[in-house]
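Okay, so subunit A shows up in both of these, paired with subunit B first and subunit C after.
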Partner chain A sequence: MTPTDELLFRLADDEYVIAERYTEWQIYAPTIESDLALANIAQDEFGHARLWYDLLEERGYEEKNLLWERAPEDFRHSTLCELAFEEGDWADPVVRSYLYDTAERLRLEALVDSSEPAIASRVGKVLSEEGYHREHAQSWLERLSEGESRERVQAALDRLFPHALSLFEPGENEREIVSEGLRTESLFDLREEWFEITIPYLESLGLSVPEPEEVERPEVRGRDGSHTADWFDLHESFTSTYHELGFDQPTRLRGEGA
Partner chain B sequence: MSSERPSPTACAYTDYVSGEGHEEFPKTGEDATGIERRVWDALSAVEDPEMPISVVDLGLIYGVRIGEIDGKTNAVVTMTLTYTGCPARSMLKGDIREAAATAEGIDSAEVSLVWSPEWTLEMVSEAGKEDLREFGLSI
Partner chain C sequence: MIWEVFRQAKPGKYHTHCGNVHAPDREMAKLFAQIQHGRRMQTNSLWVVPQEEVSEVDSDEATFGGSTDKAYRWAMTYNRVDASFAAEVEQSEDEQREAAKAREEL
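For the complex of A and B:
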């Protein structure tokens, strides 16, 4: 895989998988507004996934091999995106979105001046649609961190933080991605910046953030194709209808080539 | 009466930002002539699926290029969408391609989707803003 393709798969798979998980909250979120907000955030992330997968198609991949017929171990998303939610645990999507969207902004900002024009020309639009995701997560985090629900937030943070570190797990082409200017910052530096933003903020809410160096990391990292069991279940579930219907090609209600 | 700030409500997000404009936009094809003119006119007949405004006045069309492929006249329409997650994406691209292909003198048409410069409300033409106001939107 080329460095550009690796970068694009990480972007697209993260967005696709986290959106797929968010949709599970539809009709179950605690208020009608939060239900609509999370559904809308999911739609944004699907849109962004689409935009990066489009670019992979332009680079020679086919839609069916990008999603429907790609083996689950070929997906390169962070394990943070794939974890199943515990029933009714609203603190989880709130914490997850905060950790993820803060990392995403840093990552996108490091792509604004990408040496690959096709990437640079898409970043602005994506960034402009991201700000509200963080606002939504922070507004909920601040409310949930007051009173007895703080324990739930803390539990979600303890569970998700080790997986969030895999957002910054380098892939095999990390060195080239930086030296070729595809991304203008290394994952190591992005992770440092993410610590500088997330740790003081979470602590200001009265939460205790695991010490990054002392965190027991899950064996699976996502970026190398190793994933939790939750991912294999999710993959099975979102590809099952496609396989049941047995089309030769992914079908569309109204094809773009029509 | 209490002067305390109201506690946060479930719906805290009400801000609506119009975004920045771009010097060369919106593109409306006003200086186009001949075949290119006819393509712009055909595109002006395509409406947004949610609002009574043409895709040209909405500012989605970034350019029309006429070329020849094997002796046939081909139109390439460069366009954007208001939103990356636009659910009408396939429909709009299809409608725009078909409209361009029906313009007199055109044998085939293609659509190229781009995301830069970013679409914002500033991309809507003056005529489009009128259409949207009449529809009941505050713009």
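For the complex of A and C:
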């Protein structure tokens, strides 16, 4: 895989898989308003995934091999995106979205001046939708961190933080991605910046953040194709209709790409 | 808590009531209103107002417009008068038309 393709798969798979998870909250979120807001965020992330998958198609991949017929171990998303939610645990999507969207902004900002013009030209569109995602997550976090719900937020943070570190797990081509200027910052530097933003913020809410160097990391890292069991279940469920109906080609929405 | 939502489609237009959102406070009301009322319709600005801050007077307690014939209020008689008899009237009407057009273009 070329460095550009690796970079694109990381971007597209993260967005696609986290959106796939968010949609599970539809009709189950605490109120109709929070339901709509999260569904809207999921739609944004699907739109971003589409943007990056389209670019991969321009580079020679076929849609069915990008999603529906791609083996689950070929997906390159962070394990943070794939974890199943515990029933009714609203703190989880709130914490997950905060950790993810903060990293997402840093990553996108490091792509604004990408040496690959097709990437650089798409970043603006994506970034403009990310502001709402962070504001949404932070508004919830600030409210849930008061009173008895703080314990739930803390539990979600303890569970998700080790997986969030895999957002910054380098892939095979990390060195080339940086040296060729595809991304203008290394994952190591992005991770440092992410710590500088997320740790003080979460602590200001009275939460305790696990010490990054002392965190017990899951063996699976996502970026190398190793994933939690949750991912294999999710993959099975989102591809099952495609296989059941025996499509030769993925169906397309009317007007899509027109 | 219920917040009434008012949407303005374009700058310069009125904010018109478009529905409401449930939210615990002002900030969350603004966040939710963006999605619920500003996502699919053309929107330039939204107002959120606590429902209890809205005061109402309805037709049970007031006689809107009074109860006697006030057809003169419509002043239809003065519509489409040929203003060419007075240059200043014609000029003023031109100015008003220009101003109305400028407002439309905003």
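Following the convention adopted for this analysis, the second predicted complex is superposed on the first by the 253 of 258 C-alpha atoms of A that agree within 3 Å, B and C clash if a C-alpha of one lies under 4 Å from a C-alpha of the other, contacts with A are read in each partner's own complex, and residues count from 1 in each chain.
Just so it is clear, contacts are C-beta pairs under 8 Å (C-beta built on N, C-alpha and C of every residue); 3 or more make two chains touch, one makes a residue touch a chain.
From a predicted model like this one, the values you see are computed outputs, not experimental measurements.
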Return first, second, both or neither, reflecting whether A:Glu135 touches subunit B, subunit C, both chains, or no partner chain. both
Identify the partner contact of A:Ser121: answer first if only subunit B is touched, second if only subunit C is, both if each is, neither if none is. first
Per the contact definition in the header, classify A:Arg143: touching subunit B only (first), subunit C only (second), both, or neither. both
Of subunit B and subunit C, which one touches more residues of subunit A? B
Contact-wise, after the overlay, does A:Arg50 reach subunit B, subunit C, both or neither (first, second, both, neither)? first
Looking at A:Phe195, would you say it contacts subunit B, subunit C, both, or neither? Reply first, second, both or neither. neither
From the superposed pair, tell me which subunit A residues show up as contacts to subunit B and also as contacts to subunit C. 31, 33-34, 37, 132, 135-136, 139, 143
So, in the complex, the side of subunit B touching subunit A is made of residues 8, 10-13, 19, 83-87, 89-91, 93-94, 113-119
Residue numbers on subunit A that touch subunit B, as the complex places them: 31, 33-34, 37, 43-48, 50-51, 54, 121-122, 124-126, 128-129, 132, 135-136, 139, 142-143, 252-256, 258
Enumerate the contact residues on subunit C facing subunit A in the complex. 21-24, 27-28, 31-32, 34-36, 39
Taking the touch rule as given, give the residues of subunit A at its contact with subunit C in the complex, in rising order. 31-34, 36-37, 40, 132, 135-136, 139, 143
